[in-house]
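Contents: one structure, followed by commentary.
All chains are identified by letter, namely A, B, C and D, in their written order; residue positions are counted from 1 within each chain.
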Amino acid sequence: MPGQYQLEIIDHRQVAPGHFELTLPQQGELARAEPGQFVSVLVRAPESFDPLLRRPLSIYRTAEDRFSLLYRVVGRGTRRLSQFRAGEALDCVGPLGRGFTYRDLSPGAKVVLVGGGVGVPPLVFLSQKLLQIGIVPEVFAGYASSEHVVGLGAWREAGLEPVVSTDDGSLGYRGYVTQVFAERLAQGSVERVYACGPRPMLAEVAALAGRYGVDCQVAMEEWMACGIGVCLSCVTKVQEGGANRWARVCREGPVFDARKVVWQGGS
Amino acid sequence: MDHEVVDLSVNLGGLALKNPVMVASGTFGYGKEFAEFFDLGRLGAVMVKGVSLVPWEGNPLPRIVETPAGMLNAIGLQNAGVDHYLKEDLPFLRQFDTRIIVNVIGKTVEEYARVVERIEAQEGADAYEINISCPNIKEGGISFGSDPALAAEVVKAVRSRTRRPVIAKLSPNVTDVTEVAIACQLAGADALSLVNTFLAMAIDVDRERPVLANVFGGLSGPAIRPIAVRMVWEVYRAVDLPLIGMGGITSARDALEFILAGASAVAVGTANFTNPYASLEVLSGIQEAVRRRGPYREMIGRAHRWQKERSIDD
Amino acid sequence: MDHEVVDLSVNLGGLALKNPVMVASGTFGYGKEFAEFFDLGRLGAVMVKGVSLVPWEGNPLPRIVETPAGMLNAIGLQNAGVDHYLKEDLPFLRQFDTRIIVNVIGKTVEEYARVVERIEAQEGADAYEINISCPNIKEGGISFGSDPALAAEVVKAVRSRTRRPVIAKLSPNVTDVTEVAIACQLAGADALSLVNTFLAMAIDVDRERPVLANVFGGLSGPAIRPIAVRMVWEVYRAVDLPLIGMGGITSARDALEFILAGASAVAVGTANFTNPYASLEVLSGIQEAVRRRGPYREMIGRAHRWQKERSIDD
Amino acid sequence: MPGQYQLEIIDHRQVAPGHFELTLPQQGELARAEPGQFVSVLVRAPESFDPLLRRPLSIYRTAEDRFSLLYRVVGRGTRRLSQFRAGEALDCVGPLGRGFTYRDLSPGAKVVLVGGGVGVPPLVFLSQKLLQIGIVPEVFAGYASSEHVVGLGAWREAGLEPVVSTDDGSLGYRGYVTQVFAERLAQGSVERVYACGPRPMLAEVAALAGRYGVDCQVAMEEWMACGIGVCLSCVTKVQEGGANRWARVCREGPVFDARKVVWQGGS
């Protein structure tokens, strides 16, 4: 069940050029959030109605008493958010959406995570949870360039060693993360893939997983007005029982079974 | 005074409400999601998302974009159709002690009428809100709501199918909103709700094309409030029907603007997206105002009093 | 490329402008005050505050109120009349290398015509912008701009008095803005400017009366931009005249929305109040865009290209 | 000549409940501001258009390298302003309007200042200037209650001893400042009166000064959209050459000769 919370910012810092980690206290239902779920954050100043809408951000990592968001500044909403300081209150609604399914996995299961850019945050949180149930995921993380790298530190602290690629080759492999991921898949023995990133990347990951018959869950993004499932702005086409229908990314997603998503013309 | 006994009940052309705070169609789904936040029984009524005869697919994406103090939507009235509503949504809503107002949409007069017939057969509404902003496909897609005669036709068709209150929801995209209001009154509407969204668009300056896949969308949110209040003010002077005011309401003060301008009830729309408790905050603020200012019903249209006084002076 | 040689010149139905950035009538006075901030010669044109045949008193106070991302004004077209304009304001403006567009107001068709006659006699304008949003006192105060026939009448009357370009300024308070646009084209307008303000109001919730002494005011500012852009888009497809886009422009990006939607030029209005350099910032941003995207004139209406492409695909 | 300046806030502090003094660096034309002139301040967040309009505030006091504003929080604009912190930039247009005329006075001239509430700020600045030219003004300051008292410290530092009154008697005389002022006027020998405060107070001061034939200048307020004289929102009726006309408070004022103002129905 989502709730609305006024959270006093514990910490807020730049973690890469234009990328910030925002740490908030756990409160109410938020403490029960699952990886892949998100919160929607009010970025406008008090008594101002511009910008109007909340901004959806995935949960990046959690601790006993706190959790954090990791975001990239792309427009006026995230720019404004980046100006909030520790001690100020932030209005958050969450946890929202349906997260990744992973409790069905057995300890030691072979799991691969594929993250692209600011698709990384929910996968970091997922890694935390997987490790707790005895699963050590293999992580593939792709970025535009070394400047955009986020999440690596968190993964390494957790003892994971992500395979990194950058579009410009400034760190790790040069090229798309899907290329390295494809090589890994070809080696076999992957039970499940979890992916988050831009839609074209997800489509490619889904196609690859499909080709190898591997279970795949993708966390998607669409523009959201309400974030809670009432406005129908964030829909994406899914296939169910032979028919296509619109599913709400904010409520039925953001995590979908990759096989169900209609990748061509589905939005 | 006891905090519980403030009387906010109001009768909207036969629809008795325990309080005048509703949620606007399309901004509250069919209630399920908001029921996770609060008891829907606290609302005067829920105006459900538009219901059509057969499922409507809606528009391709992007369907929304933010604008200064507002947003555009081009959802395209996506909905699963009246049968789905009756089977899946109505039973859930009926659990709550609130009124259900079904927003009816159609592409022909016939479609509107048949939606109402189906719902009547199962007593699936406490009142109907006729969304006349739909495109009239027989008239080349122009909105029913932009022509008094077409609007009246829809209202008449619905009127003849039900004894329950019929609310005509006016479009603001007209030269003179009172003309359509009067036409709807004559056609038998019991109440009017206003306003629907303003036809608008945004251009993606980088890609040099409209942002919305549908090109046009409806502007809602605080940006439109001053125009919506003006229209309520005008219609209040022109017709003798109870009005439901909406358009950018975010707080009790905003709601009071509409009430003082002549609305007997109000609906919270876009604000539900940014504050899930907006409707309850509006409600408690109105309660507070009534405690301080006296009976709710005397507040309706009270800002006109001043003008009447003024014209005597002049 | 040399920063100075970007060609932004544009011809608006006979009015040659060195660049397409103007300032909207009523938001720039007659230039004197802004001349303290920058050289008016940098603007494509100055649209002066509405000029009437005799001095107009304007409305009592309050005349303005702020609204979400917008403001209402009910100045009431206060101005000192055409003779004062010619004697006091024109000589000052003539010092600058910019075009002077006189915004003409009247309560009868005759009044509009006579203002233009007086100005013609002294060559006091480079073009006329006919503000048809004025109340037509012969028709009981309804705005000329809300009726295609009345609008055409005013335009014809002015047309017959001058060979200089006549720009009709459209009101957005209409069901179909293209009807009035077409009527103005047929009546001989050389260009159209749109939009004027939206009829709106605000209620003082504490005093339970309208905030503005005039009850109604005109909504302007960023709040209205999406509606204004939509109207420019529609009129661009309906008529064959150059358009001047305005309504909530605060930046070059905002201006480009209008240009891509079909405006040949733009005017900065309310933004002048909050940023005295807004018009110059719009200008330099457009220059920058032209440097990157190619000729200005090819940008006009370019967002429609996409829709044409799309309809071929479908 | 007014200009637009981005000023880095030097200091910003509460000086009475709901009242703040905001200190800014002198820059450009602002350094030539005269008492009674004002600046108009952009209170909205960057990239936000709500609240839209600037807020006009009088210059309260100046030093070589800085000047300050003193304001009361009354609505969302001033509330938002009160959240700006030292070090942040504030967008100010000014100096605006026509200030008080005082350079025509001779040293030692008998001058009385009458301030009501947040009408005090321009009179403090005026006192500074008067003292510089050898005039020690008598000051009468009225407030709603002792909680609303502002400016007294500044006056006292300058060696002046304001006569204070409060509507509720919580400090100084009980009653309106115009009552004590009337008594002073009756004693004679006043050459000029300068007043700033709510319109009814100014009307009363003007009437009293008129009765005693004393020169009087009043600093007025009206709602402003542009603050520079182009929108005609802030007009007030003045009498000139037998006829009434609208004068713009932001440009022809805010200081007017009290005799010229049409006090009844003039706005």
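We take it that a residue touches a chain if its C-beta (ideal position, glycine included) is under 8 Å from a C-beta of that chain, and two chains touch if they have at least 3 such contacts.
Here the structure is a predicted model, which is why all the values come from computation and not from measurement.
Enquirer: Provide the labels of all chains in contact with chain A and in contact with chain C.
Expert: Output, common partners of chain A and chain C: B, D.
Enquirer: Is the C-beta contact count larger for B-D or for C-D?
Expert: Spelling it out, more C-beta pairs touch across C-D than across the other pair.
Enquirer: Rounded to the nearest whole Å, what is the centre-to-centre distance of chain B and chain C, using the mean of the C-alpha atoms as each centre?
Expert: 33
Enquirer: Which integer distance in Å separates the CA centroid of chain B from that of chain D?
Expert: 47
Enquirer: Roughly how far is chain C from chain D, centre to centre by C-alpha average, rounded to an integer in Å?
Expert: 36
Enquirer: Counting only Cα atoms for the centres, state how far chain A is from chain D in Å.
Expert: Comparing mean C-alpha positions, chain D is 54 Å from chain A.
Enquirer: Give the residues of chain D that touch two or more other chains, as numbers and ranges in rising order.
Expert: Answer for chain D, listing residues that touch two or more other chains: 49-51.
Enquirer: Indicate the residues of chain C shared as contacts by at least two other chains.
Expert: Within chain C, the residues that touch at least two other chains are 67-70, 221-223.
Enquirer: Edges wherever two chains touch, nodes for the chains themselves; is that graph a line, a ring, a star, complete, or other here?
Expert: Topology of touching chains reads as complete, every chain touching all others.
Enquirer: Could you please specify the touching residues of chain A with respect to chain D in the complex?
Expert: 44-51, 76, 79-80, 83
Enquirer: Please name which positions on chain B make contact with chain C in the complex.
Expert: 67-70, 72, 146, 173-176, 198-203, 205, 208-210, 215-217, 219, 221-227, 229-230, 233, 248, 253, 256-257, 260-261, 302-303, 305-307
Enquirer: Within the complex, which stretch of chain C touches chain D?
Expert: 26-29, 32-34, 36-37, 49, 57-58, 60-71, 73, 75, 78, 221-223, 250, 270, 272-277
Enquirer: How about chain A: which of its residues touch chain B in the complex?
Expert: Residues 1-4, 42, 49-54, 93, 222-233, 235-236, 246, 251, 267 of chain A touch chain B in their complex.
Enquirer: Give the list of chain D residues in touch with chain B in this complex.
Expert: 49-50
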